[in-house]
Every structure is written in C-alpha cells, then in structure tokens.
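I've put the structures underneath this note.
Consider the two complexes below, in which subunit A is the common component and subunit B and subunit C are the respective partners.
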Partner chain A sequence: MSEYIEHDKNGVSVGLVEKRYFTFAEPPECMELEGGAKLGPVTIAYETVGELNAERSNAILVCHALSGDSHVAGYYTPDDPKPGWWDLYVGPGKAIDTNRYFVVCSNILGSCMGTTGPASINPATGRPYGLDFPVVTIGDMVRAQRRLIDHLGIDRLLAVIGGSIGGMQVLEWALRYPDRVRAAIPLATTKRHSALAIAFNEVARQAIMADPDWRGGNYYDGAKPARGLAVARMVGHITYLSDEAMRRKFGRRLQDKSDFSFNFDVDFQVESYLRYQGTKFVERFDANSFLYITKAADYFDIKNQHGRGSTVRAFAKARARFLVVSFTSDWLYPTYQSRDMVKAMKKNNLDVSFCEIKADCGHDAFLLPNERLAALIRDFLERVSHER
Partner chain B sequence: MSGEETAAQTTAGLRFDLSVIAGWIRPGSKVLDLGCGNGELLSYLKEHKEVVATGIEVDEERVAACIHRGVPVIQGDLNEEIEDYPDKAFDYVILSRTLQQVYEPDRLIRNLLRIGRRAVVSFPNFGHIGCRLQLLLGGYAPKTAQLPYEWYNTPNIRIISIKDFHRFAREIGFTIEAEVAINTDSEDKRGRIVRLLPNLFATYGIFLIAPRTGNAATM
Partner chain C sequence: MSEYIEHDKNGVSVGLVEKRYFTFAEPPECMELEGGAKLGPVTIAYETVGELNAERSNAILVCHALSGDSHVAGYYTPDDPKPGWWDLYVGPGKAIDTNRYFVVCSNILGSCMGTTGPASINPATGRPYGLDFPVVTIGDMVRAQRRLIDHLGIDRLLAVIGGSIGGMQVLEWALRYPDRVRAAIPLATTKRHSALAIAFNEVARQAIMADPDWRGGNYYDGAKPARGLAVARMVGHITYLSDEAMRRKFGRRLQDKSDFSFNFDVDFQVESYLRYQGTKFVERFDANSFLYITKAADYFDIKNQHGRGSTVRAFAKARARFLVVSFTSDWLYPTYQSRDMVKAMKKNNLDVSFCEIKADCGHDAFLLPNERLAALIRDFLERVSHER
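Up next, the complex of A and B:
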C-alpha cells in the first residue's frame, strides 16, 4: 500500500486518537506459531475509534496492508501533518461511520509500528531479534488479533475489513473463526499469491538482503540497509500502480529538465517519484519487517491451509456474509483472483456480493478517494448490521 | 393461476410484470434473479416475502444500486455466473426480460433448471400484433415499446413468441407450471392480463417452469 493520506477535504475527522498496547503470551506461556516456533511476550499496538455499544455488537476490525499501522484514522496531536491511513473511509458519517460503529485497528505481528516484530527486543538476548524472529504467517497475525479482540471483550465482530494483505487477514478471520465474524469485506486481495506477486516480493527482498548494510539482519546498532529497502519499496510502488495510472501521472515527462542528461541521474518524472517514495519509506519502516511480512503474504494459501487442496472446501467453514471488491486496473491481484474466491463462496451457498470497480489507479485504488467503494461499504454494513 | 391479479393489486409500485412474478414466489424461499438490474424485484421479495435473495448483474452502477437496497448481488455475466451454483441451490431462478438477449438460450434454460427447483422466465412477445403488422404492412423489422431498437443496434438477438416458448418446452423437455400473458402500457408500470389470443395480443409472456418430474437428472 502507498501513502496518499491527506486531510479530509471537508474537515470531518474522528479527532484525536491514542495508540494503545496489549501484551500477552508472557513466558513461559508463549504463543506457538504455525511454523512451529514459540514467541513471547507478544505486544499488539492498536487503536480504537467510536464507542462499543452495550450489546458489544457494533465492532469492526480494520486490517492494514504491508506497510500500514494501527493508525487508521484521526490524529495523535492537533499538529499532525497527516491523519491515519484510512481516514477517508473511517470517521463520523463516513463509509465506516464511527458514530455508529466501534472500529479497532491493530498493527500486524512482525511489523515495526508498535507490535512485536524483528526490531523488537528479544528477551532471551536483550537485543533486537533480527533474523532470530520466527517467520510468521497471516494465520499467526490473525490469531494475535483474536487475542486482542478477546481482551476487548468482543465476542462477535460485526465486520472484518481490509485491502491487499489486510484482505488476506479478512479471509483468514472468516475461515479460522467463522462464528466470530458476521460480515467479511476483502478488498483488492487474493486467496493466494500468484507467481507474479511472489516474484515481485522476491525481487524486493533480494534488494534488501543485497545491501551490505543489511548484515544478515543485524543492523540495529549501525547503519540501516536504506538503499536496499528503498529499492524494495520502489518495486512495490510499481505493482501498486497501473499502466494507465503511470501514463497519466508521469508519461515520459522529464523531471526539471528539457532534455536527457546523458548520465544516470534522474531524467524521468517516474524515476524521481520512485526515488522519493523509496527514501521516504526508509525513514519509517524496518527492512526486516518488510522481509517477514512479504514472506507471510507469499505463504498465504487458503486452498492448502484451510481446504486441503480445495478452495471450495476451504470456504465450507465460512459463515460470514461477504462483500468482495476488486478494481479493474489492479494487476497485482487482478479481478479473476477475486472471482475465484467468489466462485468458491457460491458453491458453498454463502451470502456473497461482488463488485468490480472501474478504476485506473491500480491496486492502490482502495486507499484513494472512491465514491463507489465508500457507498458499497456503507450500504453493505447497513444491511448486515440489521440482519442477524 | 388465479392468484396473480390479487398479487398484482397488492404490489403497488412494482413494475406490472414483476408483480406477476412476485405473486408466484412462495414466502421464505431462496431466489436467484439473473440480470437483476437495480434489484427492484429482489428487494420487494426480501421485504414482503422474506426470501433469501441473490442477484446477478453485469453493470457496476446497478450492482451498487442493489447493494444500496440491501440485496446481495454478484457482478458478472449471467451465462458464466450460473455455472458455479450447485444443483438445486435455489427454489426459484428468475430470468426476466432477458431470454431474447441470450446467445445460447437452450443451454441457459437447462442451467436454470439445474440450479433451481423452478424457474420464472419472461420475454417480450414477438408474436404481438404490432410486430406482425409492422413486418407485414411496412416490410421493416418491427420496433415497439418493448423492443425499441433498430435491427443493427438491438441487444435482442432472439425473436421469441409465446407459441415458440411452448414448442421450446416440449423440445427441451420441461414443464410449464403456470403462465401469464400480459399487456402493458408503454412504461410497463401498469398492465392487464391477456386471456384472449395471448400470442397475438400480449406484449409479454411470463412462465413458471420446472424440470419434468423424473428426468431432473438429465435436464
């Protein structure tokens, strides 16, 4: 996911929010991970917006994507230059109306925005985990989220919603905890990565690991693998856009010059854009977290993890009402991948709605202002909140 | 069927042909509407008959309208989408005013009766006197309120009359459980049931069909 966030044009916002922490699995009671390793303690950074009602029936879990965090909407301080990453869609009167719903968003396991990840201190050594951090899966992320939802006293979520890797968590919730999810809204996502998606992730990881400053993941006491992480982010940004979006945004326009430089400085605007995005990302994200989260996304496979080789069998467990949304120009998770999961839901007689939104901005469309997406989410939530 | 007039009277606001269809649907049943448009019929059935509803619609705008009305809907081509459902997944599958636009009607009808215990099929009647006279007297391909296109831009690629559908039923091998022929005004809001020479005077034919008993498996 990219960063587009700006202040709401109409000035509508949830206002000030606070990042909170919840810690569980204190040794010796560690969290056993799907890969077999044990992890503990586990701290989850999370934020909540709105009020949980007396019946505890209006909670919506928002799942963030690769580089997101728990800061889904609002501001930490009145002077913040930017609100949370999905402020466009979460707030009073917005698609996810915080006057009606209690919104929870937590930072995923393995990330670096407050939840335990490779940059956290390993209690066994007193130093950052680095590559001693166990490989985690989307399933592990969701299991950790479930602990948080338990902690908040929520038995059943009204909805789980998220795009991209956030959408994978939505699917995982619907299959792993079918009785705890009334509605599931996976956006711009897939039931498992294609070779194309794995390939881009691998190029990005190789860029990080080829940086001499990476030093096998033990760089926390020195220089960060900034160049590698920046290149990884550049690769990501290409996959988040689309041919049309790039043509419209950059074309072959040159950056601050009228002719080629005949050297390897920035010539084209698209080069300048990617370099800027790469550099900016390095300031806020941990390279090892990037490795771990992309790996979790590559491993994600509903068919094999939940259906013993069959997507249809995997969805036999699901009980939620689904709203699946794809975008026409998303070439990272193209529409056919959404249709694949819709097909499996239909074969299981599940309550499923599917919409392919015409948008030329690629995979990132779910983060951009989109009236259609907002209406679909709003209207679907309206229905499921009235149906039991 | 004697209930359709009563049904039509109690469904104020609903398009006349849809009110006839609504009269056939048993409360609490499971209904799929192929080419459900903005979800008018399904939302009516959900509210008044507590059906479990799903629509298939190809147009994004209309899909959003369905979701707005609280109707579950899948965006896609009905010929393809219908393939995914298991046998007998629905009590009724509705194909309203769409048969005349379908490339493989026989295949689609068979699929309708595979996934539904019953199907409702309606289409503009090409045997209507208006069509006949236009071709006979004018010599041009007919253009009517129900079929308002020129031959070169019409989506209606199949020419079906009520009589054709009866023959179709015999050839494909399905049972017509009920049928109503209607004549509607130009906006189709109001209408009446045609009992005299329906193939000549009805603008639409509406049929409730089912697999022939005993050979459901071979349908």
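Up next, the complex of A and C:
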C-alpha cells in the first residue's frame, strides 16, 4: 500500500490500496466443497488496510455482500473517482480505525471480482466454467477465507464483520472456527434464509435464466444476458430499500416531465432509478455469479447446518463476543430474525450485545452513513481489543 | 343465467352463469380517453348474478383486480372445475347475498378476458392493437363501466366493491360519479400508488419487455413472451403474500428432496410455487394487458387527479357511505395508506367505517376466506340497503 493519503468528504481516507491474489488448492490437491464437488486451483482476491501488529492480534476480516468485492476502502489510483464500498466505516479514525486495526477484505468464492467463480477458466477445459462451476455455500466461502487468513499468518482474528450475506459469513466463522474469532459482528442479516428472501432470489435467478443470451450459462464468448441480469438487479434493489425510503427518495415524482407519458417510457423517478441500477450493474457483474451467490444465501441455515435442527445447539459451538445489529426498516432480514439468533446466543451464555437501529432506509442501511452504527462498532471493537 | 344450483365447499353456489358482452363507442363516435387518445368500438365483457329488483336499487358492482375477470361467482358449465374468483363472498346467503342483491362484474378496459384491450383487433388495421392500444387509466376503466351500468338501466348503484386495483376503481366511482353510488367498499387498496408499488410494477414490466419474444408488443402472430410474463407474475406473487404467510405456507421446506440439489433446479417449495404460478399465468393472460393494467395502477393518484394536490379536497366530491378495509400483513398497500384516505373522508364529514383486519396472509387476504371481512361487508350492505 502506498503512503498516499487523501481527504475526502468522508474524512481521512486510507489512501491508495491494491488488490492482491492468493492461490491455493492447486490440482490435484483441490478444495472439497460442501456439495461434494472438488475445486482447484482457488484464487482469492483480497485487499488489506492498516498494519498487522507484532502480536498479530489486530486483524479484522470484513466480509462483503452479494455484489461487493475486496475493495473495502481507499482508492486504487490518485484519480480514482470513488473509494471502496465501506470507506464510510473503514479508515483512519473511522469506526474501524485503520490506524489501530489491520483490515482484510477478500472477494467471496463464486464471485467475479478476482476470486475464482463461474467466469474463471476451468483448467479441465481451458474455458470459463459457466454452470460447470460447482454450487458453493457460505461455508465454502468461509473455508476459502480461512485459507487466506492462514496465509497471512493470522492465528486469531480480532473480529469478523459484515452485513447481509457478509453477516452470514460472520456467523459461519463464529460457528466453524470458534477459536479463531474473538469478536463477531453480523449486521442486517439472518440465521437462516426465509421463504420471502428465497422467493426474491428465485425470481431474480429466473429473470437471468429466462434471457436467451444466458444460454445455459455458456455466454462468455458472446452477448451477455444483460436484460435478465438487469431485471434481477432491479428485483434486488427493491428489497434493499424500504417503503419509507422509497417514499422519501422518490415518492411519485416524475422524471423530466410535467405530466404522464401515456406510453411505456419512464414516467416516475423510481422507474428511472431502477433502470439505471439494472443497466449499471450489468457492466460490472457476472450473471452466473449472481446465480451462485444467491443460491449460497438461500442454502444458509445455521439451525440445520450447525445445530441439527436447533439454533441454540448451533451456537453452543461459538466462543466469540457478538455485536448483532438490525435496522427497523429492513424487511429482507427483519429484526425478529436477529432477535432469534440473539436469544440462541444468550441461552448459551455468550457475551452478546444487540441493537436495533432506527433507520428508514431499509436493508441497505449498513452501507449508508449512520452515526449510531459507527459508534456501536467503534465501542465494541475498543472493548474487545482491551479484553484478553 | 340458468337455474342450475350446486352446493360446493363454499356453501351454496350461484349456479351457472354466462359471460355477456356490451359494445359501445362505435367509430366514428369513439371513447375519448384521459390520455387524449380515442378508442372505439369498446366491448365490455360482464356477468350478472341475482335479480335486479323492480326499483333497480339493489345493484352491486364488483370490480376485479389485475388478473381477474368478469367471472365473479358461479360456474360456466355443470362440470366446470372451479367457480368465479370471488365465489367465497358472492352467492346465496353469502356476504354479498345474491338472493337479495343484483351483482354485476365486468372485465376492465385493457384486460384480455373479453373486454377490449391490446390483444383485441384494431379496426384500423384488422390486426391486434399491440402497443398501438392507448394507455388507459383507472378513470377510463370506470368510465367504461359507467356505460355498462347505463346500458343495464341502473341509475344508482347500491354499492361498488373491490380489492387492490378493484379498490382503486371503487374510489374512482365514488369521486367521479358521486350521485350514482350509495356505498363504496374499497378493500386492500390505496389512494395513490406508492413508489414501492410502482417499483414492483416496473420490474415486472421490464421482465416482459426484456423477453425477445415480446417484440415491441407485436407477438400475436408468433411465440408469446412467456418467460418474461412468468417472471413478471412471480414478482407479483411475492407482493401478494407476506413474510409471515410465506413462512407458514412454505418455510424452508424442500420440494421432493431430502437434501439440496447443489444445482439450479428447484430446491425449495417456495421456488416450485412461484415457478408454477408463473407458468400457469402465461396460459391465461396476455403480456401486453399486464403492461397496461399495471401502468393504470401506477398512474392512480386521487390527490392529484381529483383534488389538485389535496386528498381532502378530492373527497369533497364524494357522497357515498364508505367501508374501508385493510389487512395487517398487506405490505403492498399497507394500512397507513387506508388510514390516510379515511382521514380525508372524515374531514369531509363522510359516513365512513374503517377496519384493519388482522390477517397474516398479505395483500391477497381479501381473496381468501375471512369471516371478519364477510361479516363487515354483509352488515354494511344491510345497513346501507335499509337507509334511504
């Protein structure tokens, strides 16, 4: 990382960062996945911010959500127009203070931002995997992250933190590697994907698979299933906002017009916003990765995967201190789902703090400026780093 | 209507009914639409149940929602496998008692169940309209219904009732033709379509328009945009249910399997349900009609269309007695939206009853068995029919 430091509107930035790569499971070794398939080699794209201390005790793993990547904070170049996806919370003096902590963020398995996924070359064929890529789970993503953490020489993480699908990875870390996580901070997430959340994902997947350009997932040598992926992203965007947020942000305001068009062009600002989000997403994201990551989220179910039908039993394995945060207007993973996991943690006498933050911006709240969230994370990390 | 009476699981049925047609606005007369276009001829498909009394004072107009039709109750043939869409509430001795009331239900303008819509033949070309069909509004639908009510010789309706988009028509009737409606019963509806509701409709429309078989709406001589319409319907179905309803109905139960498939086949029952609903819908509904009707709903806004920016001013025109019903788990048109209209009604000293029914089945609650809803409708109609 360079020493270049820039002041931006979010305060002091971490400056320039660079994406790095770690490859493991070279054939014939391979990584055995939860679904039974083998995958190798596996490359993990990751970025780090801050300095690992001599005791190697200040490392925080940040886990990203569906469409995120390893670029958690800072800029790639001096003229980079925007910083990493969680720059609001990660940086010098910020909630996750990079003057004190060593932050690691890696792109998840199955994604398309540098880590091995369906768009990667299948060594068996010399062509992109497409649907020959095996279905991966949140557990597989976390097992790959563990290999990276091993590689970085970190025996025990000070904390694992993330929202949404990132929060699922946090829970998975706490249950799968209890001795390697001192603190776990799952935000805006759930212990098992609900029927409603599965339903939204399934509609989004069907939109992609309905696009003739998807061609069974083998589209890498031709047109991308852009229309299907755009619709899928639009479905997602609705779930990230809330009724209140949409009312405040768009209401019934018209786009560039004084009256209705009386045709099927854009009339309302909310339509324009969704179309824009859909189109923009297609430029940067792989449709097959969308299928794989949503499937992993749908499969996520701590109760059955770690507790043989009991959430309480699942958390019996955990050792970490927990900070669980939900948001009032998040209807994708509503507060009751966080409360359920907090109850199970408490029944195991775990050290758990829980906060439901009043926010009208829906599921996406953890990505937006929120002083309460920043303070909760900062204070919790402060406390954990002083307790041994 | 035949005298054939059948007892079914919902109690006594209205027996056999038949679809009829009324055509008006033959060119060069034509119907002038709110958007400025002219349409003609206009055919309205409708059905009636019960007998119009000598005073012509017992007529109730039932307005259907997005995918409904004129077939509100009873059967078309003795071996018809299922009755009309609101047979639970319309029939002898039921909430809308056809021994007492004369029920009229017509297919809305822009639909595809017998009333003129985008799949109808454009007399100017001799081919289906496709996107040459003009965009219609809820106001246009109601103006066409008024022509039917005129044709049936009914000067004043005892009541207009309907849920969702049907409820919008109810409100439109009460404001547009105050002297022709004694009672208005809007169920699970809104006074203006919210940004969230518009967003869902827009995603559904984009799914249809993204299907290459849609071909700008000119698909009637070839393959239908079946995949796009199926995705659109799936989006709709999510909004009709609630988080609770989905949990209760599906949870995370697997379809025909003891474990995950680890591919993109159906894993969960909720996925199977959505795919089935999507596929089934394609058989009976026209994709262009879906576009037109959702657009009409998006344009619906009593405040601006009838009140020059004030909902209170909009209801100043109304004369009807109102029964407004919302459902606790309806997140498409949440209770606060019904409360808003009730407040505006009360500020105009209108006779209004309001009830929020506790129901965990989401927006679709008005279509499902609900004793409370049945009792409210029955008692309200009883009261209104005795007041002169």
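Here is the rule we go by: the second predicted complex is superposed on the first by the 378 of 388 C-alpha atoms of A that agree within 3 Å, B and C clash if a C-alpha of one lies under 4 Å from a C-alpha of the other, contacts with A are read in each partner's own complex, and residues count from 1 in each chain.
Everything that follows uses one rule, which is that a residue touches a chain if its C-beta (ideal position, glycine included) is under 8 Å from a C-beta of that chain, and two chains touch if they have at least 3 such contacts.
All values derive from a computational prediction rather than experimental measurement.
Participant: Scan A:Lys295 for contacts with subunit B and subunit C and give back first, second, both or neither.
Facilitator: second
Participant: Have a look and say if subunit B or subunit C is in touch with more residues of subunit A.
Facilitator: Of subunit B and subunit C, more residues of subunit A lie in contact with C.
Participant: Considering only touches as defined above, state whether A:Leu16 meets subunit B (first), subunit C (second), both or neither.
Facilitator: After superposition on chain A, A:Leu16 lies in contact with neither partner.
Participant: Which of the two partners, first being subunit B and second being subunit C, lies in contact with A:Lys346: first, second, both, or neither?
Facilitator: A:Lys346 sits against subunit B, while subunit C stays out of touch.
Participant: Pick one for A:Gln206: touches subunit B only (first), subunit C only (second), both, or neither.
Facilitator: second
Participant: Please work out whether A:Arg321 is in contact with subunit B alone, subunit C alone, both, or neither, and reply first, second, both or neither.
Facilitator: Touch partner of A:Arg321: subunit B, not subunit C.
Participant: Just checking: does A:Ile121 make contact with subunit B only, subunit C only, both, or neither of them? Give me first, second, both or neither.
Facilitator: Neither partner.
Participant: Determine, under the contact definition given at the top, whether A:Val235 touches first (subunit B), second (subunit C), both, or neither.
Facilitator: second
Participant: Quick check on the output: what are the common subunit A residues between the subunit B footprint and the subunit C footprint?
Facilitator: none
Participant: Which residues of subunit A touch subunit B once you look at their complex with the stated criterion?
Facilitator: 321, 323, 339, 342-343, 346-347, 349, 351-358, 372, 375-376, 379-380, 382-383, 386
Participant: Taking the complex as given, what residues does subunit B use to touch subunit A?
Facilitator: 52, 54, 60, 63-64, 66-68, 70, 72-76, 81, 84-86, 89
Participant: What does subunit C use to touch subunit A in their complex?
Facilitator: Where subunit C meets subunit A, its residues are 35-37, 131, 134-135, 192-196, 198-200, 202-203, 205-207, 209-212, 227-228, 230-231, 234-235, 237-238, 241-243, 246-247, 249-252, 260, 262-264, 267-268, 270-271, 274-275, 278, 291, 295, 298-299, 301, 331, 334.
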